[in-house]
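Here's the structure we're looking at; comments come further down.
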Amino acid sequence: TARSTTLRCVMHADLASLDPIATTASITAYHGALIYDTLFGHDADSITRPQMVSDYTVSDDGLTYVFILRKGLKFHDGQPVTARDAVASIKRWGARDGAGQHLFKRVADVSAKDDSSFSIVLNEPYPLILDWLGKSSPSICFIMREADASTDPGKPITEAVGSGPYMFNRAETRTGSQYVYDRNPEYVAVAEPASGFAGGKVAKFERIILQNMPDEQTAVSALQAGEIDFIEKISPELLSQLEGDSSVKLEVLNKTGAMGWLRMNTLQPPFNNVKARQAMLYLIDQAAVMQATFGDPKHYKGCASLFACGTTMESDANTGWFKGGQNIEKAAALFKEAGYDGTPVVIMQQTTLPVLSNASLLLAQWLRQAGVNVELVPLDWAGIVARRSNKGKASEGGWNIFMTYASGSAYNNPIALAGHAATGEKGWFGWPEDAKHEQLRDAWAAAPDLASRQKIAHEMQENAWNFVPHVYLGQWFDTAAMRSDVNGMIGLPDLVPFWNVSRG
Amino acid sequence: MIVLRTVWQPTEDRATRMTKPVLSVRDLTTSFRPDIYSPWTPVVRNIGFDVAAGETLAIVGESGSGKSVTSLSVMRLLPPRGSRIEGEIRLAGRDLLALPEQEMRKVRGGDIAMIFQEPMTSLNPMMTVGEQIAEAIRGHLSIGSAEARQETIRLFEKVRLPNAKERYDVYPHKLSGGQRQRVMIAMALATRPKLLIADEPTTALDVTIQGQILDLVKELQEETGMAVLFITHDMGVVAEVADRTLVMLRGDVVEDGPTAEIFGNGRHPYTRALLAAVPRLGSMAGRALPSTFGLIDTATGSRGAEREAAPPVADKPAVLEVKNLTTRFAVRSGLFSKVTGAVHAVENVSFSLQPGETLSLVGESGCGKSTTGRTILRLTKPFSGTVLVNGQEVGATDREALKSARRAVQMVFQDPFASLNPRIPIGASIAEPFLEQKLGGKAEARDKTAALMHRVGLLPTMMSRLPHEFSGGQRQRICIARALMLDPKVIIADEAVSALDVSIKAQVCNLLMELQESLGLAYLFISHDMAVVERVSHRVAVMYLGEIVEIGPRSAVFEAPQHSYTKKLMAAVPVPDPSRRRMRRNTEVEEIKSPFRIPGFVPPKSVYKEVSKDHFVQVRC
Amino acid sequence: MIIYILRRLGATLIVMGLVGLMVFVLLHLAPGDPAAVIAGDNATPEQIAQLRQMLGLDDPLPVQFLRWMGDVVQGDLGVSIYSNEPVAQLIMQRMEATVSLAIATLAFAVPIAIAFGVIAAHRAGTTVDRILMLFSVMGFSLPAFVLGYMLSWLFAIEWKLLPVQGFTPISEGIWPWARNLILPSVTLGMTYTALIARITRTSMLEVLSEDFIRTARAKGVAVPRILVKHALRNAGVPIATVIGIGIALLIGGVVVTETVFNIPGVGRLVVDAIARRDYPVIQGVILVFSGIYVFVNLATDLSYTLIDPRIRY
Amino acid sequence: MTNAAQLAPPVRAGIPRFLRRHPTMIAGGTVLAAIALAALLAPFFAGDPATMMPSERLQSPSARYWLGTDHLGRDVFARVVHGARVSLAVGIVVAVSSIAIGVVIGMIAGYFRKADPVIMRVMDALMAIPAILLAIALVAVMRASVGVVMLAIVIPEIPRVVRLVRSVVLSVREAPYVEAAQVGGTRLPVILVRHILPSTVPPLIVQATYICASAIIVESTLSFLGAGVPPETPTWGSMIAQSRMYLPRAPWTVFAPGFALALVVLSVNMLGDGLRDLLDPRMSRRM
């Protein structure tokens, strides 16, 4: 395929798993967005628009939804997309996705009416249903073939046949190094301009190649040399290398950025005591943590909003601790109040991601200054995910603190983000428990409109910074770099879509 | 010792002298230095000599006297850094020291050829022997490769290499030592050199092969009329080949002259000492008992007395008895390491040793002498047969018996340097067996070590020195002292004097005989040096392909050899007597037989016939 | 000879069996949970547990080992936990790049190293010797990744002579293939140049002090011919050995170079697999590596018979 | 007549002369000694290698920070000097322990024919696993710490030492002086320790310097691949690996440890080469 019609992209991670339902990894969502289509999609203004659906009706009680599929939709294997495919796909997604699960607790029935229409019947009204079906953050409700979608939700599917604008080219794909997608000539785009996750997904490149380049420096050099066209994320330090280069342009595609968070094991001392968790609010200087990795303040900011900053749910509630700045003495005092006994606090330090690794080092320094014994346990990602499921004492293979990150828009959704739950041992790692928080979450989902959701979000934050389910490390904005002749990249918070992009 | 310094004066009137010398060396001084910060140390000083066409000049002298350095100086083969050659070396009038390296290369192998001491290592193991000779030819004569091949084959025939044609494509490792040395000679003769330098060309070889090589060189010299510079430390060889002889001592020439004159009435005490120390085969004729060497003091020139040794103790039981000893080495090959045969190194060997007796074991290389000694001490496991030490069997199972046997029987090895741990002071080496066998405390060990060192002629103050700080002879004394540390009854001396210079060899032999007398030691004396054997032995056993073919009192075996192999062995020994030099030995060119046998091989039965009192000869039946 | 080879191959099986066991035990002692990695950061513990069970990761270790070994014996290396692709296929896809890199590296390193070693030995103790050895030691002293960046900055970015990264299969032409291999093989070759040059020097020195070299000089052979024809071949066995070891080291040592120059080789495959605990892939690759190692060893030993006529098996 | 002189290890004689003859070795030794001294005295003069001050990050070299600061605002000079302690320790510990273990196993394999095949098969298997991969896997298994990194480098080195020792033992066990000791009734352990072990020393000293140098390099490579010592620990390798992104902007963060690393490896190698020449008696007989 000629160079001009191929887009070569270096992504932030390797496409390890092909099933966008079984994994929440965002790289798999990108893969999904290339080959699968969705029923709905959020546009640039966060309005949900039909995508595979040509028409839909809602019963007056708000409990029955009937959807009619667009005509002429075909999977890459040539088979038409039917309502049965959609039903199976929705069910599998509903079994797996956080938001989907929340929705499916209220779902009485999903079934196909005929080849092109199906219905969803609810037990109680669920205003966010279409939002959920059209959301662009993992897991996305992609429509797959019925055969694939009937796979057990816990078992990853390895097929990659969708009805989206691009087709997975397995023959030229080299697992672990490059993933090749060819334009789907049969794809019929919605006759609207592309906007956010919605609109016409017009494939302008004949071929998209997602490359896994283990070394960022190499990727930057390759971009400068014109060997690749696009790098999804660049370490700020390497930006200076590109800033003077006119053949390359830089763009922040994800406007809500990403935010690092720190989870504490609330089942074990000292963080089973809320005072110790509160101490962490005072201990962390987000700006310093961010600066250590991102340098120039234009790439980061401190953020005290439970729902990240720059999002619809952003709130200022209960952030006195943040405004007062770092206060190590106060943190020390709170640790004392919590009855901290000098047992070493185990921090699982993720060595493979600089921002988290650096944050761990700084945190350790501050904890020590606050009179806390610290044991840094360096682990790779696979080591961390294995160990973080251990609820036991840190000295017995458990842990006290680990860090990870999510996109800003992910924090904006208290339902979809597993870590926003405070359901105790049933919940996400760290297992915070707070009944009020849970109440508010349900209320949020049931709220009829944005304004009321914002109000509830405010209350949630007010409450959260008292019981402290987790702590933030700061919010940063990754820069994407591309050859200057690459145009039309759509900036989405959780996704890099490759339709609408063209050269020249 | 007084250092003698005789500046060489060319002797004008010389019968053997031809018209013009091929090689003429004057005031040659060769010096070395280890690095540029050290001063030059001369190792050859102001020497000079001439060699005429058709003439053979022998350079003799003990190890380290500068013989090789002299020859390498002539060839300019010394390392350019770290060596310096001064004086004048003229080859047919041309000054070799003034030639540029490029020219000198043409001289090497062209006008002057050289044969080296070690036939085993002097050939490139990764080139066929033919190629190596063809290379020499083509380097100097401009001829094609086919012709060079022809010429090489012709040379092989000339040096009587069997199957000359096929041998061209053979690698050196397939050839025996004698054959390799013949290849070396062929190589040296390839370009019809004016001068042949032979640096100890036969030292490493068996007597039988040595004879063949010497004959060959002589013959070829007669044919081509080249001059020969023959370097050796073996006076027997000198007598055999040299027209004139040059004696070197520590870098100086002390005497030179016609060989007969040097042998007949050497003027310099060192020359006489050298000759006196040379064991001559047949010099013991008519005498029943061994006898020490009558050594000459190099300083005063006075001659020490020869002293006859005592007879063995006959009325006591044998200290060592070997009965039907057989040792075989399995040869394995194939998928499951199947035994495909065995080297029958020692086959059905029996003998006994009385206190105070020396039994010598002789025979050519590989006949199983060392293996016999090693099997007695169980350094090698026997296949069958028994060894009795003081009447007690040395068995595999009984560790204590082995320990006490090893206390009674000790061994002195061929290479005194290799058998001393280079990192341990010699005092500790000597004392080790005593301490290890827990025969006494540290103080006792020290006293005993000192006493023994004194006994073997070393100063006890040398105890803390390392082996490399001693001369070869001294090292062998250290080994002897160590062997004596356990008050053994028997000493197995495996080529214990073979590596030593003649004069030192004589001293060590004398020491052994002295110790035998005073301590009542019995020796199993393993050697291929017939002349030494003749002097030191009470009895002699001749081995051939693992078997004893003849055993009996020394005088009987030497004066009336019965077995054909014994006869051949005796005939091959060079005689240090210039008057006998033109006598041909008439030994055929013959390959050494191999002791390798296929599995299931049953050695032919044989019996020993007593030809005279105690003199047995093997007869096959 | 054939029998010797068969016997060696027999020993190979034992060695590979041991390797398999060691690697398996080692890996499964490692903390790390492929299910949790696959599920992603946002997955709940419950979802991860479900996945674990589906992937058969909950079975007892001996069961897993026997299952794996049983498959391996039948020539099946299993499938990747992640992509479900057969491990053998994954390795085959990556092999060309790694083998190309190894060959290019040797083609670069061996001649230079031998030339260096021979000259240094001939001029032992002189300035020439010291400079050559210093140079080769320096190649050894610089971590490959630092050298790699320096080279790619200079040749690819500043001078734009060569590509920064990537690999082109040889089927697309010799030059495109070679272009991509020059910088990586120089980077990787530095270490081996140092290693081989030093061994060459040492064994040449040893050979040059042998008697037969004196013989060759005594018959008037010129110095270059002595060095090449007489000495080098005699020094060949240790050199062949170190080249053999070099190949074995190369196979493992490509990892860094593959990373720096983004070459999709087997080294990267296994590093990535280790990072996410893709057990079948790791086990498969290491098994294949050890097979290559043993095979290279055998080939080295057999090459001795070509170099040295005295060696026969 | 005899080739005994070749066997002589002329170590005792004239040390100063050898020194004069081996200027590179002296240079290597001196540099190493200086660095080792600096490493030893690091706490007294080098400053604090650990404290992070993000506000002071990536400062260029100045009077306050001799070699500038890194991305976390740590003093690069202090880290380079303290890094010497870890890097040298890695080199030395790896060299010493792999040789100690290798010698024991190698002696057993070389002297006891029955144990030999078993030991050698296991060693073959260990060698057959690529060292870097084994190290990465080990670090993944046991979590990153200096000790584990050392272990991970030691394990693949052991078989090489074993092979070397075994070959020396095989050649020495038949040496006449060993047989002489046997004939004198010397016990096996004494023979092994007193007579055989010392012969392995010269080749091992040389081997040790190679292992030492390569351990320092491997440590840095492991850091590069994300499987090295904990990020907290200053080692040259981890410094280079962590700072390599900052090379264009703050070259000192990479060059300072990189130069130190190259210097030490170079010195160790020069020392090793010198020792090899010194311990090789053949050097005196060259062409």
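We just call them A, B, C and D in the order they show up, numbering each chain from 1.
The rule is simple: contacts are C-beta pairs under 8 Å (C-beta built on N, C-alpha and C of every residue); 3 or more make two chains touch, one makes a residue touch a chain.
Please read all numbers here as calculations on a predicted model, not as lab measurements.
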Inset, instruction - Select the chain at the greatest separation from chain C, using centres from the mean of Cα atoms. - result: B
Legend entry - Length of the line joining the C-alpha centres of chain B and chain D, rounded to whole Å: 46
Legend entry - Between chain A and chain B, centroid-to-centroid distance (C-alpha), Å: 88
Legend entry - Between chain C and chain A, distance of the C-alpha-averaged centres to the nearest whole Å: 39
Inset, instruction - For chain C, write out the residues touching at least two other chains, lowest number first. - result: 30-32, 125, 149, 217, 259, 271, 275, 277
Inset, instruction - Note the residues in chain A that touch 2 or more other chains, in rising order. - result: 217, 352, 379-380, 382-383
Inset, instruction - Specify, in ascending order, the residues of chain D that touch 2 or more different other chains. - result: 21, 140, 143, 226, 244, 247, 286-287
Legend entry - Graph class of chain-chain contacts, one of line, ring, star, complete, other: other
Inset, instruction - If two chains touch, include that pair; go through all of them. - result: A-C, A-D, B-C, B-D, C-D
Legend entry - Residue numbers on chain C that touch chain B, as the complex places them: 3, 6-7, 125, 210-212, 214-222, 229-230, 233-234, 236, 307-310
Inset, instruction - In the complex, go through chain D and note every residue touching chain B. - result: 1-2, 4-5, 7-10, 12, 17, 20-21, 175-177, 179-187, 190, 194-195, 198, 284, 286-287
Legend entry - For the chain C and chain A complex, residues of the former touching the latter: 30-34, 36-48, 50-51, 53-54, 80, 82-85, 90, 93-94, 149, 152-153, 156-157, 160, 163-166, 259-262, 264, 268-269, 271-272, 275-277
Inset, instruction - Mind listing the chain C positions that touch chain D in their complex? - result: 11, 14-16, 18-19, 22-23, 26-27, 29-32, 122, 124-125, 130, 133-134, 137-138, 140-146, 149, 198, 202, 205-206, 208-209, 213, 217, 248-249, 251-253, 255-256, 259, 267, 270-271, 274-275, 277, 282, 285-286, 289-290, 293-294
Inset, instruction - Mind listing the chain B positions that touch chain D in their complex? - result: 34-35, 37-38, 63, 79, 200, 203, 233, 377, 379, 403, 406-407, 410-411, 413-424, 432-433, 436-437, 466, 468, 472, 479, 482, 485-486, 499, 501
